[in-house]
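One chain, subunit A, links the two complexes that follow: it is found with subunit B in the first and with subunit C in the second.
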Partner chain A sequence: MNTPQIRLTGVSRKRGAFTLQADAEFGAGIHLLTGRVGSGKTTLGELLAGIGEPDFGTIQWNGGRRVMLLQDTSYHISTMTVQEEAGSWHGDAERIIRTAGLTGKEHTDLLRLSRGEVRRLELAAILTGQYDLIVLDEPWAGLDEEARRWVRQLIDSHAHEIIVIISHDLTSLPHIDQLWEMECGRLKQLGQVPACLSKWTKAPPLVRYLLNKGVHLSGLSREELEEAVCRIPG
Partner chain B sequence: MQDPRIRLVTTILLSAAAWISLPGAVLSILWWLICGKARTSIRSIRSFFIILIVPGVMGLAAVWSGEDGLSYVVRIVAVLIIASWMYAERYPGELLDVGVWFLGTKTGFDLGLIGELSMSSLDTLARETDRISVALRQKGTPLSLRMIPAVFSGILIRQLNLAQERAILLTLRGYTRGGMHCPSFSSPDIDRINGAFSCTIFLLSLIAGDFFNIAGSTFIV
Partner chain C sequence: MIEILSVRAGILKIPSCTIHPGICAIAGPNGAGKTTFLKLLSGILPVKSGSVRIDGKEPSLCTIGWVGEYPDRNILFPRVYDELASPLRFTWQSCESSDLKVRKCADDLGITHLLDRDMHGLSGGELILVAFAAACIASPDLLILDETDSHLDERFCHQLEEYIRRSGIRYVVFSTHRPERMAIADEMIRLVRGEVAEHLPLTEEADHTFPDHLSNPWFWRKVQTELSKGGT
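Here is the complex of A and B:
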């Protein structure tokens, strides 16, 4: 199988006073893109997903080009019931429903589902599908802890694709391979996790606290962070 | 055109001129090409033709019933072009500026606020339509009539949620009626000249449209 790879060369996109700039290479694995609100994370995700073109520079693909972008609302919904919606993804509808934990609700109107249930259905359809690049923009929005754990497990089983997670919430992450930071529109590759964590100057408070305590972090996933907390000396 | 007051008056005058007579419609389109620098919020020819479907059908119906359907279509096209020019030129907050300048900090503020909220809802709607279209394309599901209830109910629910969030925000900020706002405008000479042209087109359209000829009595000859 051809390993997917995306190369951004001299990419820039200007919108008013804001300019996004990126030179990067995304290979198979799970990438975390962090940064402040308005720093350009979503814009980069949209460029990667092929929504809009950069003003300058090129985005080159190696391997397949099946792309899926999940944003914070249910833009993908095109039918009225759970069964119809699972079927509309051209995959194994039963598997999607089972993965989403909606067995028994096949004929339920989507409007009667909670926001979290709709989110689970979308995520199950995306993560059981065949894509080369999946961009998940704030995938944990509207999900309870149990559903977050379920998403983590589902993402963890997708190491052969490029998965880019854009998130502020760093307490529910799956295993992360590469860490990226967006700062005032400029994309920076921090490196491979966990090696890059010690030089992560803008790490979230929990990670900073653990690093200051001298605890070695083996990764950024929820389980890895919990394990690190247990190893705090004293 | 930088001054929203002149732009608003120009839009009203040119729309009226386009509606009153066919020469007014043609002159309005010419004004848009020359003075409006052909700016439009319609992003593709395809979108333009989609917008024209309903007026086109109405025009055909008019021709079929013996009326001047072509004139109707040209006038509607001119009105749509002027509206799209105005939408493309607008900047956030201008309706509040114009409302307060024109009607003060109570009624003007309220009307301006309603206008701004409506315009921003239109922006959201346009953005959502784009996103939905991309999402369905990525999903591999071509847009069909069967999808309309699902897609539109989603849009409706998100718009209602947005309206609720805004209402809560306004309530939290203590909004009851009116508010303080100090509008400022930039009015370059070119805006005034272009505005004056639109007045001329309006008057020419009134004359060409025989507007002053009421019940056989000519008011202007």
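Here is the complex of A and C:
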């Protein structure tokens, strides 16, 4: 199996007063892209997924280029029922419905599902498909604790592909390999987790708190954070 | 006080619940009735049995501000200025007075530079600020934030919190799935299958008999207090 890789060389894209700039290489593994609201994370996700084009620079692929992007789910429904929606993806509707935990609701109208159920259906379809790159833009929005755990477990089984997670919600993450930060349109690679965590100047409060307390952090996943919290001295 | 008495509406079954002035967080799994609860408080959902009173008044007679997860779905006007002014214009306030309020509110939230912009083309964060400003501008008795924090970063949430504290809005009720957001509330209600499963005050000094855990609001309170002391 070819391990996929994407290389962005001199990529830039201008929208009004905002300019996105990126030089980067994304390999197989789970990447977390953080940064402030409006810093350009979603725009980068769109460029990676190929639904936006850079003004300058190139985006090169190695080893396949099947791509899927998750954004705001409620805009993505294209059919009437759970069965039809699952069937509109990649052929294995039964597996999608089973993964989403919607067995027994095959004939339910999509508009009668809760927001969380619709999102589970789409995530199940994306994460059971054969993609080389999956960009997940705020995958936890609107999901409760149990569903968040489910998404984490689903993502954890995808280390052979390139997964890019864009999120502000840093207490629900799966295991993360690489950390990236977007700052006013500039993409910066912070490095391999956990080695880069101590140099993360804009780390979220919990990470700063743990590092201040001298607690070693083995990673950013929910489980790793919980484990670190148990080791707070005093 | 907001007093809910013998209410049955949609999935909700609430014999009695009292919310105090301040900030109240609503937690609970998907489908537990969080949004229904907020609709009940706001008067969007009329009660068939039981009653809801905000300082003795029916919700429909109170001024309510509402910001949802996707504010772009509730925009009425193409220009930011007009969107902000709309709650004032709808209540027949004079042009002079509403202009003053729009400029003051925009200044307080740091969005004066957006006033002449089109709503279309604002970034996600700017849109939330504008929706938030429009919800606050008429000095609501009750401000409701329905999972507004889903797409917001830490600093951004903090900015909104500071504004809420300064605004003097009597009741703020917000729903969230993020445990760290609970820490800013004065009380917390957890709904499960339409019922109030837990209703806790979060106002006393942090009780350290609580274990350090990511689902514990007291733990997040401690994290925030210690970080703000350290000045980092």
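The definition used in the following text is that the second predicted complex is superposed on the first by the 232 of 234 C-alpha atoms of A that agree within 3 Å, B and C clash if a C-alpha of one lies under 4 Å from a C-alpha of the other, contacts with A are read in each partner's own complex, and residues count from 1 in each chain.
Here is the rule we use: a contact is a pair of C-beta atoms (placed from the backbone, for glycine too) under 8 Å apart; a residue touches a chain by one contact, two chains touch by 3 or more.
Keep in mind that this is a model prediction, so the values were computed, not measured.
> When the two structures are superposed on subunit A, do subunit B and subunit C clash or fit side by side?
Partners clash after overlay.
> Does subunit B (first) or subunit C (second) touch A:I51, or do both, or does neither?
first
> After lining up the shared chain so the two structures overlap, which partner does A:G38 touch, if you call subunit B first and subunit C second: first, second, both or neither?
After superposing on A, A:G38 lies in contact with subunit C but is clear of subunit B.
> Mind working out whether A:V67 is in touch with subunit B, subunit C, both or neither, as first, second, both or neither?
First partner only.
> Between subunit C and subunit B, which one touches more residues of subunit A when both complexes sit on the common chain A?
Of subunit B and subunit C, C contacts more residues of subunit A.
> So in the superposed three-chain picture, is A:E226 touching just subunit B, just subunit C, both, or none of them (first/second/both/neither)?
second
> Which partner does A:V135 contact after superposing on A: first (subunit B), second (subunit C), both, neither?
neither
> With the two structures laid over each other on chain A, which partner does A:H76 touch: subunit B (first), subunit C (second), both, or neither?
Touch partner of A:H76: subunit B, not subunit C.
> Tell me which stretch of subunit B runs into subunit C once the two are superposed: 26-34, 134-142 or 170-178.
Clashes with subunit C appear only in stretch 170-178.
> State the interface residues of subunit A toward subunit B in the complex, per the touch definition above.
Residues in contact with subunit B: 49, 51, 67-69, 71, 73-80, 88-90, 110-111.
> Which positions of subunit B touch subunit A when the two form their complex?
Touching subunit A: residues 128, 131-132, 134-136, 138-141, 146-147, 149-151, 153-154, 157-158 of subunit B.
> Any idea which subunit C residues touch subunit A in the complex?
Subunit C reaches subunit A through residues 28-31, 69-70, 121, 123-126, 128, 147, 150-156, 177-180, 212-215, 219, 223-224, 226-227, 230, 232.
> Give every residue of subunit A touching subunit C within the complex, in rising order.
These residues of subunit A touch subunit C: 16, 35-38, 42, 72, 114-117, 138, 140-148, 168-169, 171, 204-206, 208-209, 212, 222, 225-226, 229-230, 232.
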